[in-house]
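Inspection log for the structure reproduced underneath, given as C-alpha cells.
Order as written gives the chain letters A, B, C, D, E and F; numbering starts at 1 within each chain.
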Amino acid sequence: MLPIEYYLWFAAALFAIGVAGVLLRRNVIIVFMSIELMLNAVNVTFIAFSRQMNNIDGQIFVFFVMTLAAAEVAVGLAIIVAMYRNKKSINVQDMNLLKW
Amino acid sequence: MSEFTEKIKLKFPDEILEGPEFDSEDAVSVKSDKILDILDYCRTDAGMRFEFLTDLTAVDFLELDSPERLAVIYVLRNMASMETLILRAFMFGDEEIDTVSEIWHSAEWLEREVWDLFGIKFKGHPNLKRILMPDDYEGHPLRKDYPLKGRGERDSFKIIQRERERY
Amino acid sequence: MVRVENDLQGEILELSFGPQHPATHGTLQIVMELDGEKVLNVEPHIGFLHTGFEKLAEHMSYNQFVTVTDRMNYLSPLSNNIGFSLAAEKLFGIEIPKRGQYIRVLMSELSRIADHLVSIGTAAMDLGAMTVFLYGFREREKLYDLFEWATGARLTTSYTRVGGLMADLPEDFPDAVLKWVKQFPKTIDEIEKLLNHNRIFQDRTYNIGVISKEDVIKYSLTGPVARASGINYDMRKDLPYSSYEDFEFEVPVGENGDAFDRYLVRMEEMRQSLGIVKQVLANLPDGDVNIDPDSKLTLPGKDEVYTTIEGLIHHFEVTMENRGILPPVGEIYMGTESPNGELGFYIVSNGKREPYRVRIRPPSFINYTIFKKLMKGAMFSDIVSNLGSLNIIAGELDR
Amino acid sequence: MTESLFFIFATMAIVSALTVVVTRNPIYSAVSLVITLFSLAGIFLLLEAYFLAVVQIIIYAGAIMVLFLFVIMLLNPGKEAKFLSLTDPRTLIVTLLSIAFIGMIFSLVSGSVNYIGEVMGSVEELGTTRNIGLTLFTKYLLPFEIASLLLLVALVGAVLMTKRNLR
Amino acid sequence: MVNSTLNLVWLIPLFPLIGFLLNGIFGRRLGDKAVGIIGSGVMFFSFIVSGYLLLNYLGLHQTGAEFHTTLFNWISVADLQLSVSFQVDSLSLMMVVMITGVAFLIHVYSIGYMNGDEGFARFFAYMNLFSFMMLILVLSDNYILMFLGWEGVGLCSYLLIGFWYEDDENASAGKKAFIVNRIGDFGFLLGALLIFVTFGSFQYSEIFSQLEGYSVGNGTVTAITLLLFVGAIGKSAQLPLYVWLPDAMAGPTPVSALIHAATMVTAGVYMVARSSFLYVLAPASMTVIAVVGAATALFAASIALTQNDIKKVLAYSTISQLGYMFLALGVGAFSAGMFHLLTHAFFKGLMFLAAGSVMHALANEQDMRFMGGLRKKIPKTFITFLIGALAISGIPGLSGFFSKDELLWQVYSSPAGGIWLWLVGAVTAGLTAFYMFRLIFLTFYGEARWKPDTIAHESPNKMTLPLIILALLSVIGGYVGVPALLGGENRIHHYLEANLAKLPDDFTTHQSHLMEFTLMGISVLIAMAGIFLAYVFYVKRKELPDLLAAKFKRAYNLSFNKFYVDELYDYLFVQRLITISKWLWNIFDVRLVDGLVNGAGQLIMVSGRRLKKVQSGLVSGYALSLFLGSLMMIGYYFFR
Amino acid sequence: MLTDIAIIITKIMIVIGGTFTAVAYLILAERKVAGFVQERYGPNRVGIWGLLQPIADGVKTMLKEDITPAKANRIIYHLAPAMVLAPALVTFAVVPFGSGIDAFGRHIAFQIADINIGILFIFAITSIGVYGVVLGGWSSNNKYSLLGGVRSSAQMISYELALGLSVVGILLLTGSLRLNDIVEAQIGMWNVFRQPVAFMIFLVAVFAETNRLPFDLAESEQELIAGYHIEYSGFKYSMFMLGEYSNIITASALIVTLFFGGWTVPFIDVTKLGHLGAFLSVVSFAVKTGFFLFLYLWVRWTLPRFRYDQLMHLGWKILLPLALLNLLFTAAWITYV
C-alpha cells in the first residue's frame, strides 16, 4: 500500500510538466496536448483521493473531466484547423487577436 | 461531287481551293481563314447538319501537288443520314488556324495532338501544349521533313540521380 | 515526393495517379487535386506508350502495317486488323469474297466479346469485385485459344491482308466456335448474377460519370459509351461494312449514360455479338477468302508459287520491297465499329507502295477527352468507376 | 508488487510527458502522450478504478489522440523555428517556476502520510462498472445529461467550424 | 360504478390520433384515395364507439352517472397531481356523439370537396388532429386537459383557416383568429389557475364537491366564472371578441362547417355548461352571460342582413346563434342551450356544406350577387339548404323549432330572464328568418347572375350524401326534445339535467301553458313574417332593398360595414398600442436606458483604455499569469 | 504460485502459437477459397494441396529486402507494424475459447485473463489498433499511404461507435461485461436469436473494423494501390499482414463469443462432461470461428468495395441509428417486459 503522497507528488510533477508545455511551446497542438497532461494530472489526484476516502464521487468527476476533455479537444482542434486556414500558421504567437 | 460540296462552293465561293486531285469520299479544300464560318455552316445549316466531329487531323502535303503544304482535315458526320464530309483547310504562311475546341470539346485534345505532331498552331486554344511527345521535345515528327536519323533525341532526357542524403 | 516544410496549405493534396497504377490498365497518368476524398480537378497526361504508329505507317507497305495495328487496342487486335484492311481495300477499290467478309465479321464479333469481357472484368475488379474479372478471363482464354488456332497467335494476330485474310479458317474451327458459343451465356449470367443486383456495385456505378446526349456530340463519343447515353450510333448498323447488313442484331442503347448503363450496354452487346456469331456460322458460304490473285494484289497459292515461274514472279511482285502492291492515288476515310467505338483510318496515298499518310481515329483517345469533365467534383474512388467504364486502352490512346 | 508497478508506470508517464513537451516533432509528442495516457491507465488500475482505466484508453487513446494525429497529419506543420533553449530566459523562468510548484506541493502534502485504503479500510469493487454506473445514473444524473448536451454542442460546433465556406 | 364498456372511452380520441399520424407522416406517399379513406374511416370508428357508449350509458337506468377513466399520470409536481383522464357523463357523451357524427360526415364531404388539392393529405391530417383535440376537450375531466384540447383546437383552427397559406389574406385571417383567441384563452387560463388556488384541484368532480361551502354570489366564484366566460367569449365568438370568426371563412368550407359552426365554436358553450355548478353560484356572471349573449345574437343578426358573401352570412348567423345559446345559459337554462347547440350543429353544418356545394357549382364564387337561379341546376343542394334554412328559422316540425322554442320559453320563464331578453330573442329569430331566406332567394331564385363561362353542376355523391344525412338530422333532430306542451316529454332535458346545475331558487314556477303556447305562436309568426318579407324583398319587388338601403343609408352602411367594429378595434387598440410604444421608445428607451447604458460604456471605455495595455494578446502570457496566480495561492497555504 | 505462472505462460503460448498458425493457414485458405470461388486451383505447388505454402511465404517475406524509404520517419516507420500486431494479439487474451478443465488441483479456464470488464477491454485495445495503421501510413511519407491511413482511421473510429452500441444490447441482456458470463448466459439460447439486429450491425461493423472487403478502402488495391503499407516490405510487411489476419481471427472469435454461444455446444452441457466436455467446447468454438473466417473470405471474393462517402453514410446514418434503436428497444424490452 502506497501513501497517497506518492500519487499527489506524481500528479504535481505531471501537472508542472503540462504547465511548462503550455508556457513554453509555440505549437498550438502541443500546447493543447500539454493541457491534456494537466487534466490527467488532476484526474490522478481525483482517483487517488477517491480510493483513499473510499468514495466513488471522485471517479465520477474524472469521468466528467474526460467528457469535458473530449468536447474541448473537438472544438479546440476545429478552431486550430480554422485558424490554420486563415493564418497559415499554428504558432501561438501568431494568435494574438485577443487584444486591443 | 455531292450536293454538300456544291452547297459549300455556292455559299463560300471565295474560300474554295482546287485541292490535290484526289479520289475521295466527299472532300472539299478550303482556305483556313474562315474555317469557323464554314464549319458552322456545315454544322447548323438545315440542309447539312454535319454536327458530329468524327476526326480532326492534319496532313503534310510537302511531297504532293497541292495549294499549300499543311492542311487540317476535318471529318464530319451527319448523325441522321450517316453521311461523311471531309474538309481540308489549307494554311497559307503562318501555319495558324482557329480552334474548334469551343464547338467540339473533343477537338481540344485532337488539336493538341496536331500541334504536337505537325506544329500547327490553333488560335484561341485553351491549353495548347504537347500531348503525346514529352513536353521538352523539339520538332514535330509527323512532318515530312522531320529527319529520321541523327537527331539524338534520347539526349534530351534527364538522367535522374537517386538522392543519397538523408535528412 | 518531397515534403515541403510548412507547406500543404489549405489541405489540398496533389496526387499523381499513375503512370504505373493498377487501375490505369496501361500507362497513363492522372494528376489530381484532392480535397480530402473529393476531386477538385484532374489533369490527364498521356503519351507514355507513344510509339509513332502513324509515322511508322509511312514507311511500311499496306500489308506490313497490319502487324502494327495489332498493338493498338491490344484487347481486340482482330478488330484493328479488319478495320485497317477494310480501309485499305476501300482505297484500292476492291471487295473481298463473301466468305472472307463473313469470317471477318465472325472474328470481329469474337474479339468484341473478348474486349468487353476484359473491360467489364477490370471495371468490376477496380471496384473490388475480383471474381468477375477472373470469370471473364477464363472465357477470354478460351477465345484466345480459338484465335491462336485460326491466326497462329494469341495477341498479335495480324490476320487480315489487303484483299482478304492470311488464311482460311481451319477445318473444325466453326464447330469449336459453336461449342464455345453454347457454353458462353452461362458466364454472362454468372457475371450478371454477381453484379446486376449487387447493391454495392450499383451504388458505385449509378449516377457516376453521367454523360448527357449533348456531351456525346460535343465530345465526339462513340461506341458503348455513346450508346449508353442513348445515342443510337453503331457503324455496323448505320454504315454497314463487310456484309454486316446480312445479319440481324439489335443495338443496345442506355438511358442515363452513367457507368452502370455502360456496363449494361456492354453486357447486352456481348449477347448480340453471340447472335451474330451464330448467324455467321450458320450461313458461312463456301469459296475463297481472298480476292482473285489475278488482280495482283494477293498472293497466289503456294503450289502455284512452287511449281510455276509465273507464280513465283507473282509472289515476288507482291512481296518485294521495291515492288509491292500499288494503290491508286487518293484519299479515303473508313470507319469501323471496334469494341470501343468508331475506329477510323484516314489514308492518303500518292500511288506508292507505302501510304503517304495514315491517320488512325482512336476511339479510346476521343472517349478519354470527357474524363476530365466527369471527374470534376467527383469522389476519389469514382476515378476507377469512370476509368473502367470508359475502357481506356493506353495502346490505342497513344498509338 | 503494487509499489514497483506504480514506480514503473509513474516513471514511464513522467518521462513520456517530458518528451511531449521537449520533442520537436509533433507526431512524437502525440505518440509520447499516448504512452503517458497508457501509463496513467495503469496507475488507475492500481487504484482499482477499472472502469476508468479502460475508459481512459478508449476515450483518450482511442479517440482524442487519434483526433490529434489526424489534425497533425492534416496540417503537417513544420518544426518550430525557435525551439526551447536553456539560454532563453523564458525557458529558465518557467522551468524554475515549475520546479517551485512541484516543491511546494511536495512539502505541502508531505505532512500527512495516509496510506491509501487504510483510513476507511480497503473495499473491493469501488471502481467497477456497476458502481460507477449506479452513481452516475442516480446521484449524478443531471450532470450526466448536461455532459451529454455539452458533447452534442461541441460536436455541432466542431463540424460548423471546420466547414470550408463558412465565411 | 365500474362499467367496463365505458372504459373504452379512450378509443374515441385514439382513432383520430391514429388518422392524424398516418396522414401526417405518410400522407404524401399514401395517395389521396387512401388518405381520404383513412381520414374519414377513423372518424367513423370513433362515431361507432361513441354511439355504442351512448347506448350503454342510456341503458344504465341511472341518471347523472359519471365515469372516470384514467389513462396515465401526466404531471406530478408537489401537490399538483394531474392525470390524463376522461369523464363520461351525459354531457360529454352527447358532445362526443355529435362531434364524431358530424365530423365523419364532413370528412366524407371533404373527400369530394378537397379533391385534387395539393395539400389533400395535410388537410385530412389537420382535420383528424382537430377531431382528436376536440374530443380531448369534451372528454377531459379536468380543466387543464380541457385547456390542452382548447388550445389544440385553436391551433388546428389556425392551421386550417390559413390552409391555403400561399394567399396572404388567408394567412392573416388565421393569425387574426389565433391572436383574438389568445385574449380569451388568457382569461380561461387565469380562471383555471384561480380555480386551482381556490379549490386545490383541477378536476371537475373534486371542485364541484367542494362547492357546498360557497354561498351564492361568492366573490371568488364570480371572478372564476367571469374569467372562464372570457375564454368562452373568445372561443365562441361573442361580443366583443367575435371579429375573428367572419374572417375565418377564408379557410376551406368543410373547415367552416366543422370547426366554425358545429364544434369548436360551441366549446365555449360546452365549457360554461360543464361549469354550470360554478355559474349558478354567481348570478352576476349569469347576467353578464345573458346580456352578452342577447346582444351578440341581435347584433350579429343585424350584420347578417346586408352581407353579400354567402359564407359571411352564415358566419354571422353562427355568431348570432351562439349568442342564443349563451342567452339560454345566462338564464340558467343549460339544457336548453345544449339542446340548441345540438340542433344548431346539424343545420348550420348542413348549411355550410350546402354553401360549399354552391361554391363548388360556381367555381368558388362566394358573392351572392353573382348567383341566383340555381334551384334547378343543383336540386339536391337546394332542397337540403332549404331544409336547413327552415330549421334555423324555427318553422314548426323541424329541429330548430323545438330547440329555439324551448330556449325562448326558458328565457322568458326563468327568473334570471324575462320579457326583455325574450323580446331580443324573438326579434333575432325574425331577423334570422329574414336573412336566411334572403340568402336562399338570392342564391337559388331569380335569374342567373353567374360570371360568364361558369357551368353550374351538381356536386358528386361524396358531397351530397352528407348533405342529405344532415338534412335528415335537421328535420328529426328536434324530436329528442319535444316539449311537454306539444305532448312530448323533453327527453334531452331530462337526459342532461342530472349532470347540470339548477338555479338555486327554484324557477320551475308554473308558468301557464297558455303563455307558453302564445309565445310559441308569436315566435313562429315572427319567423314567418321574416320569410315573407324576404320573399317580397328579393323575389317580388327586387327594387325595394336598394330603395330601403338608399333611404336608411346610415343604418344600411352601419350594418353593411359590420358596425365598423374592425376599424374601431384598429383605432382603439392597435393604433393606441403603436402610439404608446413609440412614446416609450422615444422617452424611456432612448433617453433613460440608452443613456444609462452608454454612460456605463463610456466609463468602461475610459478605464479600459488604460487597462488594455495589459492585454498582449498572447495566450501563453495569460497562461503565465494564471499559473503565477495559482502559485501565489498555494504559496499562501505554504507560508501560512 | 509457480504452477499458476506456468499455466498462464502455457496458455499464452498456446494462444499466440495458435493464432499465428491460424493466420498462416488463413492466408492459405484465403487463396484456396479464392481459387474455389473463381474456379481455379489456388496454391498447390508447395506440399500437398499447397499446405506448406505458408511456410514458403514466411521464409520469403523474411528474406526479402527490408526497404525503408529515404524520407520516411524512421522511428515511427519501424514502430508501426508492431503497433498493429500487438493489439491484435492482446485482444484475444480475454476471449474464452473453451469451458476449462480441472487439473493440477485447480480449475483452469481456457482463457488467458478472465477480467470482469472483458468487453470494454476489447474495445479499448481495438481502439488503439488504429495507431499502427495511421502512423504507418504517415511515416512512409507517401501520399497514397497517407490517404490510406487517414481513410482507415476515419473508418475505424466511425464504425467503432456502431460496434460498441450493438454490443450494449447484449450487455443489457446479460448484465455483465465478462465474456465468460456472456457465453454462459447463452446456454440454451444463442444471442443471435435474441439480438438479430445487433448481430447484423456487429457483423458489418467488424468487417469495417478489420478493413476487409467491402470496407477495405484503407488498402484498396485499385485506388490506393495498397494503402497504408504501400512502402513496407519484408518482415515489417508480414507483421502488418499478421496483425490484420489476427484481427480477423479475433473478430470471428468475438462474433462467436457474443452471438453464437462461444464455446457452448448446442443441446449438450459440456461443463458436466469433464475433459471430454472441455475438448468438445474447444472444437465447438473452433468450428464456429472457422465458419466466420470462411464468411470473411467468401465476402471478400464476392462483393465490390464501397466508396468513402457511402461507407460513412452506412456507418453514421444507417448502422449507428439502427444500433441506437436496437439498444432503445432492448432497454424498453428489459424494463417493461
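As a convention for this text, a residue touches a chain if its C-beta (ideal position, glycine included) is under 8 Å from a C-beta of that chain, and two chains touch if they have at least 3 such contacts.
A quick note: this is a predicted structure, and the numbers were derived from the prediction, not measured.
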* Asked: Does A-E or B-C have the larger number of C-beta pairs in contact?
  -> B-C
* Could you name the chain whose Cα mean is nearest to the mean of all protein Cα atoms here? => F
* Taking each chain's centre as the mean of its C-alpha atoms, give the chain farthest from chain B. => E
* Geometric centre distance via CA averages, chain E-chain C, whole Å -> 79
* Asked: Any idea how many Å lie between the Cα centroids of chain B and chain E?
  -> 83
* Centre to centre, by mean C-alpha position, how many angstrom separate chain A and chain D? -> 6
* Could you give the separation in Å between the centres of chain B and chain F, each centre being the mean of its C-alpha atoms? => 61
* Any chance you could list the residues of chain E touching two or more other chains? => 624, 627
* To do: Pull out every residue in chain F that's touching 2 or more other chains.
  => 71
* Touching two or more other chains - residues of chain C -> 3
* **Complex contacts: residues of chain C adjacent to chain B** => 46-47, 50, 52, 54-55, 217-221, 231, 233, 238-239, 328-333, 335, 342, 344, 346, 348, 350, 356-357, 359, 361, 365-366, 368-370, 373, 398-399
* **Residue ranges of chain D in contact with chain F within the complex** => 25, 27-28, 31, 34, 50-51, 54-55, 57-58, 61-63, 65-66, 69-70, 73, 128-129
* Structure fact -> The answer for chain B against chain C in the complex is residues 20-25, 27, 51-55, 57, 59-60, 63-64, 73, 75, 79, 82, 84, 86, 103-110, 113, 117, 130-134, 141-142
* Structure fact -> Given the complex, residues on chain D that touch chain A span 2-3, 6, 10, 13-14, 17-18, 20-21, 26, 29-30, 33, 36-37, 40, 43-44, 47-49, 51-52, 55-56, 59-60, 63-64, 67-68, 71-72, 74-75, 77, 80, 82, 84, 90-91, 94-95, 97-99, 101-102, 105-106, 109-110, 112-123, 126-127, 131-132, 135-136, 139-140, 143, 147, 150-151, 153-155, 157-159, 161-162, 164, 166
* Structure fact -> Residue set of chain F touching chain D in the complex reads 73, 75-76, 79, 115-117, 120-121, 123-125, 127-128, 130-131, 134-135, 138-139, 146, 149-150, 153-154, 157, 160, 177
